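Here the structure is laid out as structure tokens; the discussion comes afterwards.
Here the chain labels run A, B and C in written order, and each chain numbers its own residues starting at 1.
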Amino acid sequence: MTQLQEVSVDDIKHLVSERAIQGETVLLNMGPQHPSTHGVLRLLLELDGETVVSCIPDIGFLHTGIEKNMESKTYAKAAVMTDRLDYLNTLGNNLAYSMAVEKLIELDVPDRAQSIRVILAELQRIASHLIWLGTTGLDVAAMSTFLYCFRERESILDIFELCSGQRMMTTYIRPGGIWRDVPVEFEAAVRAFIKMFPKRVDEYEALLSRNPLFLDRTFGIGAVSSEQALNFGMTGPPLRASGVKWDLRKARPYSGYEQYDFEVPTRTEGDVYARYIVRIEELRQSVKIIEQALNKMPLGPVRSSNHKFVPPPRSEIGVNMEALIHHFKLWTEGFSAPKCAVYNAVESPRGELGVYIVSDGGPKPYRIHWRTPSFDNLLALPFMAKGVLVADLVAIIGSVDIVLGDVDR
Amino acid sequence: MGVEQKLANMGAVTTTLETVVNWSRTRAMWPLLFGLACCAIEMMAAEGAHYDMSRFGMELMRPSPRQSDLMIVAGRVSRKMAPVLRRLYDQMPEPKWVIAMGDCASCGGVFNNYAVVAGVDEIVPVDIYIAGCPPRPEALIHGIMTLYDKVNHNKIKDQA
Amino acid sequence: MKPELEPTIQALTKTFNSQVNEFRGDVRVTILAESIVAAAQMLRDEFDFSLLSTMTAVDFWPEENPRFEVIYLFTSVSKILNLSVLVQVPGINPSLPTITGIFKNAVWREREVWDMFGIKFEGHPDLRRILMPADWEGHPLRKDYPLGYEEPQFTFNFEEIDLRKPYAKE
């Protein structure tokens, strides 16, 4: 176990201003264990009274070594670890990984699987935005939204449990399609959800959007212009709130998104309030997408039938010799991918979630790199936090919507 | 039973000192807000209205270790976080209990590599282990009830 | 290859003498280490690749020369294009010039590559470890760094591993 690092002023002398070294400003540690940092994030604040002069983030407290660990597992078995990266967007991580592997081995996914993937990804987006709204509301002292949002989220988790048996880490979306077909009650449950949900969004807006207390705490705070946002590498709702209309579901449609009609909400101010409005609008747009996908869902298989790469269904193993051999080979040794590298990106609730897989021709990925959106969104925080009050800093961290599993991997 | 009933009618309750002390410790045990990763989300869901934890007196999670009795380690503990965990445990006043929630805190979970501490019992002594990845809120509540059982069987002479 | 990408590729091949490679629709351009700053500047200013999506490295140990390959991924928001630029770095004293003056998110990305692979970036304002503790030794994502795999306890070896495991007593 390593020793606790005592950071003296000398180590970070180049990062803080002159006044800290002279003792005029106070160096405060907003430690890894803090109710408002949304996880284990450590911030070193240089404070002049209540105003933040500079803010130095220190990350790595949740570093899990997932990238190196996935190098020692076959492609199918490594899919289990993908849920644990951005733990609020588990099905989205599965989708990003599965699509990258399918691009690498050129595997076709049947249409029914694609529309089920879209429905689940959008439900996951709604669940993630609900947690964001609940915890950010808690940070600016709106406690009832926390309880309401978690109540809605329980309905979504019931739907996930109906399909896969697990509430959060489902690994339901795998290379080749999805694990198995959705049960008959799925459609009724999703329709019941999308019938009651828009009214709930109206409730949240009625609580917060025109509330003078909320506006005081969020309007005009932490503004970022569009060039600065692009230069920082921000993607997702913070970029769209700054005026750049960049959404991977529209720009590079994947998994059948081109057939659905939806809008991409954009604002121009780039402050905390704009990011709030963008995410609330995204909740409504997700409901629209789910409804269209449910209406258009075709019948058919849900997994690719190319059994060189995709395990055959269990029912065939008892009767078919090739199915048994394929099953054995795929679960012990795994399939071999061609020797090159691919990059594939999807739109997660936080931004561009990309997977870069380098393969050396074997059954295990040689190097897998996750382009996680919260990493780049977080590094704009010192820029946004110059000259604000500590209370505003808490609102800004909430609006960027970081998940430390994403930042530290 | 006669004497106790007569006393109860008069408004007096008889019991041992141990029972009263243990009962009062369980009835308002304040957890430390120590959610690290995915299990923290299930802990927050257990706090929500569906699986209410405030019926155990735990609706308020204290952010300060000096004010809490129970540390629910929810999530994977990385090598960088381990000294911080130990420091927080040391800052909690006696009596204190630790629940290792989830597979990563109990034994390292899915991860078996250089960055994750395999089991938080390498750093702090653990009273209850809860399995699951992540454990359902009902599993967390079952773990808390088991902890109550354990506390209710505490003897005062063991702590002197 | 998309037709909008053609002028960019031609300019890069002419100015920097690079090799172009395409696989499954992704275009990769390999250039030399000295020219990465000029290439990044050109891509951002002339061809509007305004977003540095990601930056990472791959370790090809035990091949010594080149051992590392650093990958920069540029995205153009206005033209909806992706371009990977690869730079090969030798294994002994690996170092590259920094592009933090051009893209601000390179500050943390280069720190991560230093932390995980040990590739130094000259001119970086703040090159310290970012994901591992500050006093950690070694660079974890290199291929000669062990995974840190711990032997699972089955019933036949339960006691002997139990004796070795450090348990906290108090």
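The rule is short, and it goes like this: a residue touches a chain if its C-beta (ideal position, glycine included) is under 8 Å from a C-beta of that chain, and two chains touch if they have at least 3 such contacts.
All of these numbers come straight from a predicted model, not from anything done at the bench.
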Query = With respect to inter-chain C-beta contacts, which pair, A-B or B-C, contains the greater number?
reply = A-B
Query = Of the other chains, whose C-alpha centre is the longest way from the centre of chain C?
reply = B
Query = What is the identifier of the chain with the smallest separation between its Cα mean and the overall Cα mean?
reply = A
Note = Cα centre of chain A to Cα centre of chain C, whole Å, reads 22
Key: Centroid distance [mean C-alpha coordinates] between chain B and chain A, Å   = 30
Note = Averaging C-alpha coordinates per chain, one finds the centres of chain B and chain C separated by a number of Å equal to 42
Query = What are the residues of chain C that contact at least two other chains?
reply = 132-133, 136, 140, 147-149
Request  = Mind pulling the residue numbers of chain B that touch at least two other chains?
outcome  = 79-80, 112-115, 122-123
Remark   = Among chain A residues, those touching two or more other chains are 2-3, 60, 63, 65, 68-69, 408
Query = If you look only at chain B, which of its residues touch chain A in the complex?
reply = 33-38, 40-42, 44-45, 47-50, 61, 63, 75-76, 78-84, 86-88, 110-117, 122-123, 133-134, 136
Request  = In the complex, go through chain A and note every residue touching chain C.
outcome  = 2-3, 5, 7, 11, 14-15, 59-60, 63, 65, 67-69, 72, 103-104, 106, 227, 230-233, 235, 244, 246, 251-252, 340-343, 345, 352, 354, 356, 358, 366-367, 369, 371, 375-376, 379-380, 408-409
Request  = Write out the stretch or stretches of chain A touching chain B in their complex.
outcome  = 1-4, 31-35, 39-40, 60-66, 68-69, 80-81, 84, 87-88, 131, 146-147, 150-151, 153-154, 157, 167-169, 404-405, 408
Interface residues, chain B side, partner chain C - complex = 79-80, 108, 112-115, 118-119, 121-125
Key: Of all residues in chain C, those that touch chain B in their complex   = 132-133, 136, 140, 145-150, 152, 165-170
